[in-house]
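Let me begin by handing over the structure; questions about it come next.
When the chains are written out, they are named A, B, C and D in that same order, and each has its own residue count from 1.
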Amino acid sequence: MGIRATVVAVLAAAASLQSQAPAAPTRQALFDDLVIANRILANEGVVDGYGHVSLRNPANANRYFLARAGAPALVTAADIVEYDLDSNPASGSGAGYMERFIHGEIYKARPDVTAVVHCHCLDVIPFAAANVPLRPMYHMGYFIGEGVPVFDIRAAAGITDMLVSTPALGQALARTLGRRPAALMRGHGAVVVADSLHVVVAKAYYLNVNARLQAQAMQLRANGVTSLDPEEAKKAVQTYERSWEFWKSRLPR
Amino acid sequence: MGIRATVVAVLAAAASLQSQAPAAPTRQALFDDLVIANRILANEGVVDGYGHVSLRNPANANRYFLARAGAPALVTAADIVEYDLDSNPASGSGAGYMERFIHGEIYKARPDVTAVVHCHCLDVIPFAAANVPLRPMYHMGYFIGEGVPVFDIRAAAGITDMLVSTPALGQALARTLGRRPAALMRGHGAVVVADSLHVVVAKAYYLNVNARLQAQAMQLRANGVTSLDPEEAKKAVQTYERSWEFWKSRLPR
Amino acid sequence: MGIRATVVAVLAAAASLQSQAPAAPTRQALFDDLVIANRILANEGVVDGYGHVSLRNPANANRYFLARAGAPALVTAADIVEYDLDSNPASGSGAGYMERFIHGEIYKARPDVTAVVHCHCLDVIPFAAANVPLRPMYHMGYFIGEGVPVFDIRAAAGITDMLVSTPALGQALARTLGRRPAALMRGHGAVVVADSLHVVVAKAYYLNVNARLQAQAMQLRANGVTSLDPEEAKKAVQTYERSWEFWKSRLPR
Amino acid sequence: MGIRATVVAVLAAAASLQSQAPAAPTRQALFDDLVIANRILANEGVVDGYGHVSLRNPANANRYFLARAGAPALVTAADIVEYDLDSNPASGSGAGYMERFIHGEIYKARPDVTAVVHCHCLDVIPFAAANVPLRPMYHMGYFIGEGVPVFDIRAAAGITDMLVSTPALGQALARTLGRRPAALMRGHGAVVVADSLHVVVAKAYYLNVNARLQAQAMQLRANGVTSLDPEEAKKAVQTYERSWEFWKSRLPR
């Protein structure tokens, strides 16, 4: 690990400690919550058989938790693997997602990020294809006001199979993401980041809802659709905790 | 409570007495119905993890019932709080919805109103964003013929977090609503009012359905869509009682 | 009953006898099938809390069966009422649907019709509002090739509450329907007729599906959408029996 | 069977043997998988009461398995019939699908094909009606990059009932399909082929999803929508195995 990565990790660990005033959750509790995140994303249609969600280890900012390769709806605690930030497995077993570098490279570049979702989010793919910037249509999509750039893998690596399956591609995606809460991936889907697992699930969900609202508004009026003012968007921060409880209650037993 | 509010409360109490020829329902029966209203709104997709529905106390027009803060799908009778019209809790416990002033201020301004829904109704948000007035597309959306104004919180209070979280903002929303059955809230959702709990749930539901119909008709023909004649809309009053029975039967056990 | 109605009834009875080579189903079996038709229409979203489906009595062409007023999803065999063609109850009890004249007057005018659906079918209302004729987009919507006229109640009776709640309005609707398989009702919904209960349910269902297909095709290409050739539509007759079995299997227990 | 068909069958048998390094599945296991394929297609909305999926017999490339006529959701292993490539039953009983020639004639013409789906896929019918070519919008629809031609039955046979109900019509469809992974059928639906049962189910599913994405992108921007580069599409091959596991887990018990 280079100096930059070390600094990032130390900063992230410090941030993590600060926010851990209450007793840290056990690893089992973390895994249980990560399993619920997987199942919510599938049950609410944010992911289908593909897509993944990860969580930075609160006890070690140089590690993150991610299920081994499999459909999110079917993930159990036994499937969770711990990876280092180069996306090599540190504990756990099983073939990993080919695109786990999305997670590792973003955790390296963004010490403020605690959780990452990658999805083939259907509502946003048309926006990348049509090159129409997403805008915050209501307070639940407030974070879109920070900007949602589009990652075109062709600009980074020419003709590919579209997958972010190497550290270099993960780094290129992280660069496009910058300090933003989400990035679209042209011809592929999106990546969403946040400082908590519950919030990243909600942002991935509302990124899609907001895209539908924008498409519908643009259908009613091609030009002149009103979105949140940038300052409104900054103020309209959501915790989404009520969404998490709602979605959890809707999971099939 | 000022003179105006007192007058309003007395008038509302009188109206309430008139309509109470049959034995008044017990508080438990009222709470049970309010719980069902919460669950129907969630189950039919009018609200998600956010949104709320309240009922004026039929035994005291200066009070209203509203769940404490939580996802509507998870509300139980134990969560119902009684508020005065300034939205201070009169009985019950737990943190209240930050936006309960929507309810209290409308009850003050509208003695004819017995129930209020606030939702982030997805189908109507694009209409506020595109500044396209809703029109009554079929008899089930007849009340839209009375007009559905758009509340822009920026006109009332400049840059905000979009939430109607103070008495002043609630009053501004009530002024925009005027005598109408509903108002859209730009970048946020809608508020719907009625003279019964069952009807307010149905009007919130059909406000959305009607918006979808209008968007689809406008897609087929940009100009020249026919909606109900204003006089037709006045005549096509619905009780929606059959909808309530249907929706109730569809609730998960 | 006038001479014309008598003639119609006799012809219908004759047609009914011809098609009854196998042992006639018992009244209980007929009622059970009519209950299933109600529940399928609700479960597949053709009707919501409102709408109705009726069946001509195969043993007496001057009578038809229709549930008493209530949500279709909740209809049981005990709710079925037998009506004469003037829509007066002949047996059974309970308040009738205000719009039962839709059924009675169509049975009078159309001896070939054995079953009638009235729905607030959401996908077709925009077509009536936009005055865009429905066209048969695929073989499952073949019957649309016979034409689907639009009934505008205002042309028949001026300003109304939009409901077909009198014999005269039912007759006006039947005149607009003519020999066609369905008619849209402006600002209201649709009526669909067929020579069997299973087929009328399927035609109501596919009338909606076909409308969605047409709207989507018109969105892709404003002019020049290809629908079935009129002669193709005539040949592509469906029994839809496989749909009935599928929908029946999907009913909640 | 003519010489050409014999050659095709021998080649297919050879290909089949090569890919059968592991012990061949029992006939019961094949039937169980084919039943699951039927049920997934119905449960995920790719087929409704109509449509079918077949599998070439891995032990005899001149035979294929297809359920007898019935709704896909209700198919059981007892319903599977074995057909020769002229679509005559070789074992099993019951009336066959009138359009089984779609399957037989494609197996004859395409020794590389192991499984075939025919559906009235709603999302693609508008594309054939509007004559808008499908394009690969994301990696999950990569195969669309090979081209999806439109079969117009009128060009092959004039006015018909739209059904591919003869060997000659099946051959005409197979000619239009050529070496492609799928073909739309104007005013009818689509046919999808693949070298495995799991993949053909997934390609039928994603053909529809991709069509929705393309329609939505074209709504945002009438011209200039970006789809996968042809070389990207070639590289982005999917096994979709994770989708199969996900869809299987969602089947009603």
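Heads up, the rule we're going with is that a residue touches a chain if its C-beta (ideal position, glycine included) is under 8 Å from a C-beta of that chain, and two chains touch if they have at least 3 such contacts.
Predicted, not measured: the structure shown is a model, and the values here were computed from it.
Q: Give me the set of chains touching chain A intersected with the set touching chain D.
A: Looking at chain D and chain A together, no chain touches each of them.
Q: Over half shared or under half: which fits the residue numbers at the contact of copies chain C and chain D, same or different?
A: Result for this pair: different.
Q: Averaging only over C-alpha atoms, locate the centres of chain A and chain C and give their separation in whole Å.
A: 49
Q: Quick one: chain A and chain B, Cα centre-to-centre, how many Å?
A: Using C-alpha averages as centres, the distance is 35 Å.
Q: Which residues of chain A are in contact with two or more other chains?
A: 218-219
Q: Looking at the whole structure, which two-chain pairs count as touching?
A: The set of touching chain pairs is A-B, A-D, B-C, C-D.
Q: Spell out the residues on chain A that touch chain D in their complex, using ranges where they run on.
A: Residue list for chain A touching chain D: 42, 48-50, 69-71, 73-74, 120, 122-123, 125-132, 154, 159-163, 186-189, 215, 218-219.
Q: So in the complex, the part of chain D that touches chain A is made up of which residues?
A: 136-140, 209, 212-213, 216-221, 224-229, 231-232, 235-237, 240, 242-247, 249-250
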